[in-house]
Structures are given as structure tokens and as C-alpha cells.
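Please read the structure below before turning to the comments.
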Amino acid sequence: MTEPRIRLGMVGGGQGAFIGGVHRFAARLDDRYTLVAGALSSKPDVAKASADELHIAPERSYESYEAMFKAEAQREDGIEAVAIVTPNHMHFPVAKAALEAGINVICDKPVTRTLEEAEELAGIVAKSGAFFALTHNYSAYPLVRYAREMVERGDLGNIRLVQVEYPQEWLTTAPDADNKQAAWRTDPKRSGKAGCLGDIGTHAFQLATFISHLELDAVSADLTAFVPGREVDDNVHAMMRFKGGAKGMLWTSQVAPGCENGLRIRLFGDKAGLEWAQEKPNELWLTPLAGNHRRITRRDDNLDSEVAVRGIRIPFGHPEGYLEAFATLYTDVADVLVAKRKGESHPMEAWIPGIETGVLGMRFIDAVLRSSEDDGRWTPLNT
Amino acid sequence: MTEPRIRLGMVGGGQGAFIGGVHRFAARLDDRYTLVAGALSSKPDVAKASADELHIAPERSYESYEAMFKAEAQREDGIEAVAIVTPNHMHFPVAKAALEAGINVICDKPVTRTLEEAEELAGIVAKSGAFFALTHNYSAYPLVRYAREMVERGDLGNIRLVQVEYPQEWLTTAPDADNKQAAWRTDPKRSGKAGCLGDIGTHAFQLATFISHLELDAVSADLTAFVPGREVDDNVHAMMRFKGGAKGMLWTSQVAPGCENGLRIRLFGDKAGLEWAQEKPNELWLTPLAGNHRRITRRDDNLDSEVAVRGIRIPFGHPEGYLEAFATLYTDVADVLVAKRKGESHPMEAWIPGIETGVLGMRFIDAVLRSSEDDGRWTPLNT
Amino acid sequence: MTEPRIRLGMVGGGQGAFIGGVHRFAARLDDRYTLVAGALSSKPDVAKASADELHIAPERSYESYEAMFKAEAQREDGIEAVAIVTPNHMHFPVAKAALEAGINVICDKPVTRTLEEAEELAGIVAKSGAFFALTHNYSAYPLVRYAREMVERGDLGNIRLVQVEYPQEWLTTAPDADNKQAAWRTDPKRSGKAGCLGDIGTHAFQLATFISHLELDAVSADLTAFVPGREVDDNVHAMMRFKGGAKGMLWTSQVAPGCENGLRIRLFGDKAGLEWAQEKPNELWLTPLAGNHRRITRRDDNLDSEVAVRGIRIPFGHPEGYLEAFATLYTDVADVLVAKRKGESHPMEAWIPGIETGVLGMRFIDAVLRSSEDDGRWTPLNT
Amino acid sequence: MTEPRIRLGMVGGGQGAFIGGVHRFAARLDDRYTLVAGALSSKPDVAKASADELHIAPERSYESYEAMFKAEAQREDGIEAVAIVTPNHMHFPVAKAALEAGINVICDKPVTRTLEEAEELAGIVAKSGAFFALTHNYSAYPLVRYAREMVERGDLGNIRLVQVEYPQEWLTTAPDADNKQAAWRTDPKRSGKAGCLGDIGTHAFQLATFISHLELDAVSADLTAFVPGREVDDNVHAMMRFKGGAKGMLWTSQVAPGCENGLRIRLFGDKAGLEWAQEKPNELWLTPLAGNHRRITRRDDNLDSEVAVRGIRIPFGHPEGYLEAFATLYTDVADVLVAKRKGESHPMEAWIPGIETGVLGMRFIDAVLRSSEDDGRWTPLNT
């Protein structure tokens, strides 16, 4: 028997939003979800119009997330999971309410606005018994997962260096007043104290630790807000020291003309070097020290990796991209939730970023902020 | 009011098939369709199991396309369109039956097995009043459409040269007996006389004429079956002459190790040269003759082209790929069908490959086959 | 004891010329030659001024090649070799005179203006006992030589396909009247009947046969002169059949905007595919059929190939280019000439294109011209 | 009248050396020098054999640089310039002696082993009246010079970010005992306290300031010696602050497998971003903020830049590389020295790195070393 689709609600993501649409593409692609309820906007008319567009029944379009969780909890066909796609400051209260209502959570990053909230949320997740997924979508690309396995099986030897960067250009100038995406991301009340750092630096950090298996020890950072009047950083320079002696650099920027969505990582061990760039996601470079050639591993459904192959939908040479990787994460969560229906666990839990990843990301943000305020002093992560 | 989704049926695409799954991804991505019926396999148990997996109600999983069209025609909520994703030899009978039942058709390429069938089908389409779309998906990439507009507005000047190629490696050796995809594609009874030529050469030809606006006059061709025992061509070399004096070359192969899905086109006019490659679909190269730089146009939602922008879902730097372009074609068809519900037409009809494109593709195949049989004599297209 | 440098003369290459300067760079780089005499221009004042610029003693700057060969033959320190860098129509008479004076020849390509001249020259070379080198410089790149060895040792298996192209843009429009390089190349009296075909098509053909070890059987060709008033071809489309069953395509053009000096070759065997492009000469792509990665072999002085390594001057990552490859050819000739001083032969003779390569290139040109005149009929090479 | 060639001597560069050979290629390519004297090795037999190989007359092959400068000063045809290609610790004494003998100096980098020596040398240069050139060869690539001009004329707007890197792989493991290049570079007595930092970090720093026109204010650095037993750094992480508010990162490494000679720079202003990579030196990327395309400027002899064009020898598409750029620097020096013969100055003096560049490079090294010893404290450059 085919498992029924997961019944999904959404908070945020109404007309004019960006990431909500991405989550919906991701939920639809593999047909494992059905979007049945929403509190899509804090403005009632936008919420209503958005729900209508999305074929959500009028009675399941709610004016608030509290109302949604309450009403849905009383339905036999109520939502099993909620996607939280609001600005950062709402992640905590919405996730808390969902978890307390026993609803599984798929939350956008960064997990909360502050480290304190993240740690509090970790306790709530633990008590709730619900599943909590954090959409660090970049780590769901097949070749990123393959890279993680390469590191694990020793293809690189001992890792010495982690060079990660994530430059964009879209905030090079002060944005127009009606640019909603720019507005909340540069408003510390909604995004938190970290600007570029929280928005994309946290992705870079997660990718680096996900692939390398390394644990960050301390950072030395220099944050800048280049655009006049900007209240949060738009450029992050950081040096990193990992436990065990590896070192690294992290650069992320939103004022780098010519850079689109330039997440890119390079790892160097004593046996080989590896490179992956998000804008060319179907290629993974690996150069062994011995030998005189570089290698490009293709995104190939014959790869010797179950976890990589399960995220591949079409043969090599047919490019898959950002939405496919995001969808893979949603499908992994669906597998976990289907298992959970039966009281079982699922091996993909180990591959889905959860609340621990979220807390770690906030510790990274916190340490970077403190180091930068202390003129770049090497600052250990709080634990 | 939001328009209800298009009610879709499917013929072919059961378990073990390839392109049927692609059509379903494409239909789902933008949420404009709901797959409600299917004749998914000629084997009843496969048909049933496949329908179950796809959440198709058991009573709408049919044992034959004839049964489906008959039963669905009698339902008030019967299918409005059918996706035909069978091997080539079934395209004609299924499309004919659908059109005669007044059902709109989304048909995979090549349109039929022979030119005669294609021409007969053109008559049937004309009489039917139904809409007929042919899934030359590559021409739905945003930057391909933009390239077509660049040519139209004269950015290249007069076009002199069209160099198009489409190499793959997957049939370099005789495939395993259980490789269903390889089996029917190399069986003239199911694929037609053209092997590689019909399977991917027709895509290359369509892309070339789609972007260039040129009309092919004659071809000189050399077909080869390199793999011992193969009954159809696995490599095509062709020279082309277009009306108005432009010339070109077309190479397509399925025995080229290192090539994955290497559809690539270059056009040269007297003012500029242009290049696009399917494996890097988010970049379009254009080099003006005057000036000392090459340019890469990005897949950018700020492009000065409505038709390109409507196929872009996410900001630049977030790679979109094969499934997204395929989905764009499905969404364009949905727009046409929604307009048709109201008795209206829709401007995207001009951008969707239809039966004329199908007939032209078969004329191309026919002329290439005849030229090759006649030792490469320049052979005009039949008209 | 260090061997004295080779005493070199030059015919052509005066002020305003192009390829003469390239030969001089090539002769200087490894310090194996000293340019001591010249008949640099048919215009006496240009010849004199050019010789002065090049530190040639006034008494060894000659007004004609005949005078030079005569005078130098009487000097004890007379020239041992002559570089012929004139327009094509002068290659034959100058080479003939040099050979008859017992002077070794380094001749630019194509070897002569006609096949008849080439065949006659072959006889003269045979009789003369002098060494004759033809500067097909592209086959001297280290990775091209390595590719040839890869093919020889079977890395590609049986070769089925040879796709070679050489597009340029510089003759897209009618050149200015004072463009000397363009003027003689588009004048059949000086360049021969083949325009683009002779100028660069012959390089493409030589590269293809050099790497592949294949022998061309027949061609089907379509030549065009796109620019109004042009008397020779500026675009060549050709299909090729090799002995043993391999096939190929050759495209070369001088009207392709965006293309600089785009010589590029791809070979496909039943075991692997290979690619090399002159504009990125320090990389050689090889993709084995088995396995899921592509490989880039680096220009590395640790390569397992003597003949490749001897052409590498600096460590990998320090790009070497066109002049270095040209210089390698000159240095190979120097090694041969030094051995010849002692009455010995040298193993590099086998790697230096000579008169047989020149004759073969003219047979290729001749067959392409005949095929094109005969509307593309498959035309065997004359033998 | 053609100017006679510059009479050149060389210190260091005997058999088994690396950079001496590069200087000789560079001096030869444009035929502006003649190598007439040398103190090529501290070992007499190596010195003698090396001189013989290089066609240096036996009486002008010296056992010490002191002897050479003394003897040559007494010859009418004595050397006009000396190339210093020894390990770092000898740069100072040799340069001092040459300058005091009135001989012009072409010195490899870094200029000296310590900042103190560099400052003392600056005084000696000033007093000597001789010309002093430092071979920061990477800044002589035509497109690097063009980039500098682009910045100067405002194409990038105000520069905010400078990201420069220079990774190599060749010291990933402890080198063999007989690797002379590795031996002195990892020996603080010969290379100075800075390992990778002095060897290639100084190139990266020079390139960054050369193109950007920025002045470094302070650095925060983290040096590492990853290979057990290594006495100098093999990896450098540094953050930079420039006067006027721009910031940057610098990474250089010799333990990065897969990296060959990966010098690469990216600059971001408020109007555009720019990128250049040494391994693809014939391309310069520039992306204006407004507009939806990236641009690759070609190495084209029609560029609107005298200083770029004078370094181009052959048409675009014919790759020029490392040796050509090095030769351009030598030719620039030759122009200066020829002018100096007549008591004139030459405009290229402004483009040739000299003693000020050398002192600045040593200040950079000094500040990085001090910052790293002080656990990454932001450390201003000494002045």
C-alpha cells in the first residue's frame, strides 16, 4: 500500500514572500506532501488570497499560527507537520507552539534570532517527541553528501584546511523601500544582530562542518556594514581553528558585484583536495596528491553511495539544481515522518540537520559577533 | 478565483519507465495539474501497482488507453489532457484516439515513428480542436528562449552558421538485456528506423531551428551503427544548408564516452556569436564582433524578456535545471488549457512546440535517412 | 662541450609580417639558434631595416633568397638552416633552392600552394639529404604529444570518432585594405585555392591524424565564402571517413565571432573519450567509459612520457602557451641538426612533421576542394 | 640605429636551480639582452659547467659575485645589469655589492631576508644612481596591468573588498632530501623567518596592492606549519584592513593538494567586481553591478591600454603564459636601461616594481609575523 501524503501546514510564505515558495516547490516535487492549511501572512487579506492561490480550503486558512495549531489539532485530518518560513524572529515562537501541539516542524534557518532562544528550543524539541528539521538545503545536494562520505572513508587523509565562502551581490547598494526581502534581512529586530552572517554565513558554516566532520574550536572575525546606514553586517571575514588542528577561512558577503549565490567549499587533507561550488552542483572536484590528474566526479546514479543516489532523479548530464536539493531534504523528512507514523525511526534522520545543528549555528554566530566586537580576538564557541 | 488544476491522464510511464517520471515531475512542480487517471502499462499488474504508487484511484487506472479515453469521456471530472510517454511507435495511435475523443495531448518526441504518420496526425489535430503539445523540453529553458529573442531582434546580425551537437555515451557498448530504455530505443519496430537520430537528433534539430528562425533546405548525412549487431544508427554526422544561405553541422551520438547529455549550440552571425550548452543552462554566451570582451548573460529574473522571465522560479545563482525547464513547458500548456476552458487563446501557444514542429522533425529525420542511404547526397526536405 | 648554436637564416618575416616574428621567438627561447642572415623582404629598404632591428650584420642581409643561399654557401660560418616564413606561394621555390644548396629547411605550413608542388618537393627533399621540418606547431604541445601516446598505448580502445574544429573570427568582415595578413591569405594567387582551408584547416587535419594515428580515406565537404567578394573559402564543413571504419567531422571558419583561435579536438574510442583545446593547452581531458569521473591530466613534468616532458620548461600551474610549443618544435629540430653535424640521427625526427605530413596535408586540401566542387560527393584522397 | 643588447650578468642560477632558468628565458624572449658573465654557483665546478652550457666565455665565469663585479667594472664591455637569482639570504649582499659597483640590478623576490636589510638596501639604491627592479612577474601580465588601469579609471567604483589567494600543493609532505628548491625554502637561515609567506605570500600581497591602488593599514594573521618538523610556515591565513575602509583576506598555502600555482584575485567595488587567475591569465572577468551579464575581457592587442598592449606578442586565442609575462618585465627594464644609457628616463619605470615595493613587501611580512606571534592581534605595518 502506498503511504498517504504528509499533511502539511505553513506559517509565513504569503504573496510577496520568497522562501515560502521554495518550500512549496520542494514539498511538491516528489509528491510526498499535501499542503492543507496555512497561516500565510499576518495580514488577513494577504493570508486569504495566498491560501486561495494555493488551493487551500478557506476554512483551513488561518489568521494566526496559534489559531491554526489549535484548530488543526482537533481535526482527524489535521496537519502532521508545519513549515516555518517567516522572518527569523518568528521562528522561535512558532516552532515552540507547534512542538507543544505535537506537530512536527520543518523550520528555515537560522533556527532562531538568538543563541538563548536556540538553546531553549532544543529543550522543547527534546520534550516534545516531535521531529524537528532545519532546512540547510545545501547539504542535501547529492555530491555534497558524497563529499561527506569521501571525507569519512578517508579519501582526503587528515583534513588540514577548510576554505569556505558565500558571496552574493544583491545588497551592494541600499535596496528600494519596497524590497521586502531586503527590508527584514537588514532589520536587526527581525533578522537578529547578524545580517549577512545569519542569512548566509550560517549556511557556509553548516556546509563546512557537515562535509568535514570537524568541530569548530574558535574564531577570529571582522564584520563590516559597508552600505551607509545599514544596521547589520553585510560582509564577514573570519579565520577558524578546529579541534585537532585544522584551520580555515570563511568569507561571506552581500556586497560583492558579480557574485550571485556563490557558496563554495574547498577542503585539503594530507592525501587529497576537494572542491564543490553550489552554482555548478553536478560536479565534485577531487585531486589526489599522488598522480597527475584532477578528477571531476559526476552526479551519477551509479555512484557508490546510497545517500547520494537517493537524491538523484535523472541521469547525469541532465542538470539538477537548487530546488531538487531542497526537495530531497523534504523527501527525507517525509520518510522520517512516515516511519514515525508507525512508531519507527528511519536512517535518514542522521542526515537531516536538526536542532543540534541549529544550536551549533547560533553558537557560531554568537562567537563571530563577540570576536568582531572584541577586535578580532580568537573567541571560543560557547558550550 | 484560482483556476482549478488541469485534470491529467497518462499513457505509459509505469514502473521501470524513465520519461513518464520526468513528465510527472514537470506536471507537479508548479502545481497546475492533478494526475487523476492512467493507462500506465500494457501489463495489468504493473499498471495497477504504478497507479497505486501515484495515488491514482483504482477505478481510474485503466488496462488500455482506449478504455481510459472512453471511460473518462463519460465523467464530468474526466481528464482534460493526456500525457503520452510510451515508446515512439505508440505515439500515433494513442494521440489519434485522444484527439478523436476531444482530449488535449502532451506528447513526447519524436512525434511519430514515420513521416507519414506525422502528416496524418497533423490532419487529425487540425480537425479535432484539441491542443497538441510536443515536449521538446530543451527549448523551454529561459536562456534558450532569450537566445531566440536575441536572434529575432538582430543581436547577431544575419546568421551564417549553425553548429549543433548532442553527444551521449550511454550506448557505447551493447546494453544489458534488462535495460528497458536501451532495448526499445535500439529496436526499429518500436523506435522507428532512426535510432540516435530520432531519440536525440530530433532535439538538436528542433533547438537549432527554434533559436535561429532558419528553415532547413537540404542535408548531407552519414549515419553509422558502431556497436556490432545494432539495428539503428548510434552516430549521426550531417551537414546542413538553410534557406537564405546559412549553413551548419549537426553531430549527435550515443557512443561518445565522457559525454553525458551534451546538447550544445553555437550560432554565428555577421555581428555576433552565441553559445548555449544544456549542461550549463544558466549561462548564455554572446560575443559581439566589435569590442574585446565575451559576455555571459545570467539567468536573471530582471532580463528584458517576458517569456524568459516567466520560466524563472528563483534568483540567479540558484541553479535551475532540466526538470524546471520541462515544468515550464507543462505550465505553459496549462495556461493555454485554462484559456481554452473559457474559449480563449493564450500568447504562449506561439512558444509551445506543436504538431508542425513534429512534422518538421520527421521531415528532417526522413531527409537524413534518405541522404545517408544515398551516400551523403544533398537531399532536400520533403514538403 | 656545449654544442654551438645552429646558424639560422630567414626568408620573409620583415617588418609588418606576423609569422616570422613567431619563428624568431621560437628560435630564441631555448637558445639553440642564432639568426645570422636573412632575405627578410622583397622590398630592399624593408629588408635592410628589418635586418638591422634583428642585429643581423648588414653584409648578411640579402636582397633575395637566391643571393643568400649562394653567398652563405661560400662562408665557412654560413647558415645551416633556413626558416621560410613567406606567403604560401613562395614556399616551394625557396625550399627547393635551399635544399639544392644543401641547407636544412624549417618551412611554415601549408607546405606549398598545390599538391603537385608538394609532391615535387618531396622528391627534392629525398634527394637533398637535408632535413625538412614543417611547422605544424600545435602538435608540439606537451599534452598533444601525450594524447598521441595515450592513443598508441590503447587508453581509448578502438577509435570510432574524431571531431575536430578550428574556428576564428578575424575575417568576419572584409578586412581593411592595409591588412597585409588578411590580404595575401584571401588572394588565391598567393595563398592557393584554399583559403581558410589551407590556412588553418590544414592544422586541424594534421592535429587529428597526429593524435589519432588514423589514415583518412575520403571526405565529403562544403566550402563557403560568406563575405561578399571573397575569392577563397572562409568556412569549411567536412565529414570524414578513416580507414578501418572511424568517422569524423571537421569544421574550420574565419567568420565565427567570439572564436579567437579555437582549435579543439575530441576523440572517442570504445573505452574512453579525450578532449584537448588549444586555448587551454595545459589541460587534457580523458574520461574512461567505466567509472564515474572525468579526468584532467595536468601539464606536469612528472608525466610518464619522455616526449611530453621534454617540452615542459616550468612546473605545472605556470601556464605555457603558443610560443613555448612553437619553441619546442624548433628545439627538436635543433637536436636533429646537431646530431646531423656528427652524421647521426635523432629520435625526435619521428615527432617532427616533415615533407610526408606536408604532402598529406595537400592531399587533404585537394580532396576537400574536389568534393566541394562536386557538391559534396565522398571523395577519396589522391595517392 | 638599433640599440645594442643589454649586457647581463647573473648571480646564482647554476645547474639544478629553478628561477635562474626562468630569468634567462625572460631575458632571451624579446632579444634585448645578452648574457655575458656569471657567478652561477658557489661550487666552482658547477659554476664552470653552467657557464659553458650557457655560452658564457670561460674568462667571464666567476667564482664569486665580488670577483665578477670587480672584473666586469674594468672591462669596456662589462655588464650593465645583474640578475640576482640566489636564495633569499644572498639578495642583500649581492645587490649591495652590485649597486656600489654602479651595476643595475634585477633581483628576485622577496627583496631581502629581513625588513631591516630591505630598508638599508633602499638607502643604497637611492645613493647608487643605478636602477633596481624586483621581479614581481605576475604584475606584468597584460590583463593584470589592464585591471590596474580599470581600477584607476573608476570602473569598479570605490573598492570595498580585496580577496586574494595563492595556494600550491608541492610541499604537502616533507620533501625528499635532494629537493634543492624545497630545501632552502624551508630553511629559515636561507629563506628568512617567513616560509610560504615570503615565497609566495609576498607575490599575493604585491598583486593585491598593485591592482587595487590600496594601502594596507593592518593585518590579523594566523601562520601554521602543518608538516611535522617544518621550521617555517606552510600556510598563511590573514585578514586585512586598508586605509580608507576597504577590507580583505589573503590565503596562501603550500600544502593544498590539487592547487598548482593558484594565484587568484577578486576585487569588489560599489560599481563592479573583477576577477583574475594566474592559471587562466588570458581572461579578465568584470561584472558591472547594473546589467545582467558578466564580461570576459580578452588579451587583445586592440585593448584601449598602451601598457597592456605592449606586453602582448601574438593575437588573442594564442595563449601567452608565465614566461611571456616574465619576459615583459625584462623588456620593460631593458627600455629603462637603454634610456638610461642616454641619460633619459622612461615611462615604464612607473610600472616596474622597485625597491619601494620590496620594502613594502617586507613590511607586510614583518607585520604578518608579528600578528601571528601575538595570536592574531590586528597589527599595523611598520613605517
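By written order: A, B, C and D. Residues from 1 in each chain.
Going forward, a contact is a pair of C-beta atoms (placed from the backbone, for glycine too) under 8 Å apart; a residue touches a chain by one contact, two chains touch by 3 or more.
Treat the numbers as computed from the prediction; the structure is a model and nothing was measured.
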* To do: Give the chain pair, either A-D or A-C, that is connected by more C-beta contacts.
  => A-D
* Which chain's mean C-alpha position is the greatest distance from chain A's? -> C
* To do: Provide the C-alpha centroid distance between chain A and chain C, rounded to the nearest whole angstrom.
  => 56
* Could you grab the centroid distance between chain A and chain B? Build each centroid from C-alpha atoms only and quote it in angstrom. => 35
* Structure fact -> Distance between the CA centroids of chain A and chain D (whole Å) is 44
* Asked: So which bits of chain A are touching at least two other chains?
  -> 259, 286, 294, 298, 316
* To do: Specify the contact topology among the chains shown, as one of line, ring, star, complete or other.
  => complete
* Contact set on chain C toward chain A in their complex -> 286, 292-298, 300, 302-303, 316
* Complex contacts: residues of chain D adjacent to chain A -> 160-161, 163, 165, 167, 169, 172-173, 220, 222, 224, 226, 235, 237, 239, 241, 247-249, 251, 253, 255-259, 266, 268-275, 285-289, 294, 375-378
* Asked: How about chain B: which of its residues touch chain A in the complex?
  -> 1-2, 5, 21-22, 24-25, 28-29, 31, 52-55, 168, 170, 259-262, 278-282, 298, 313-324
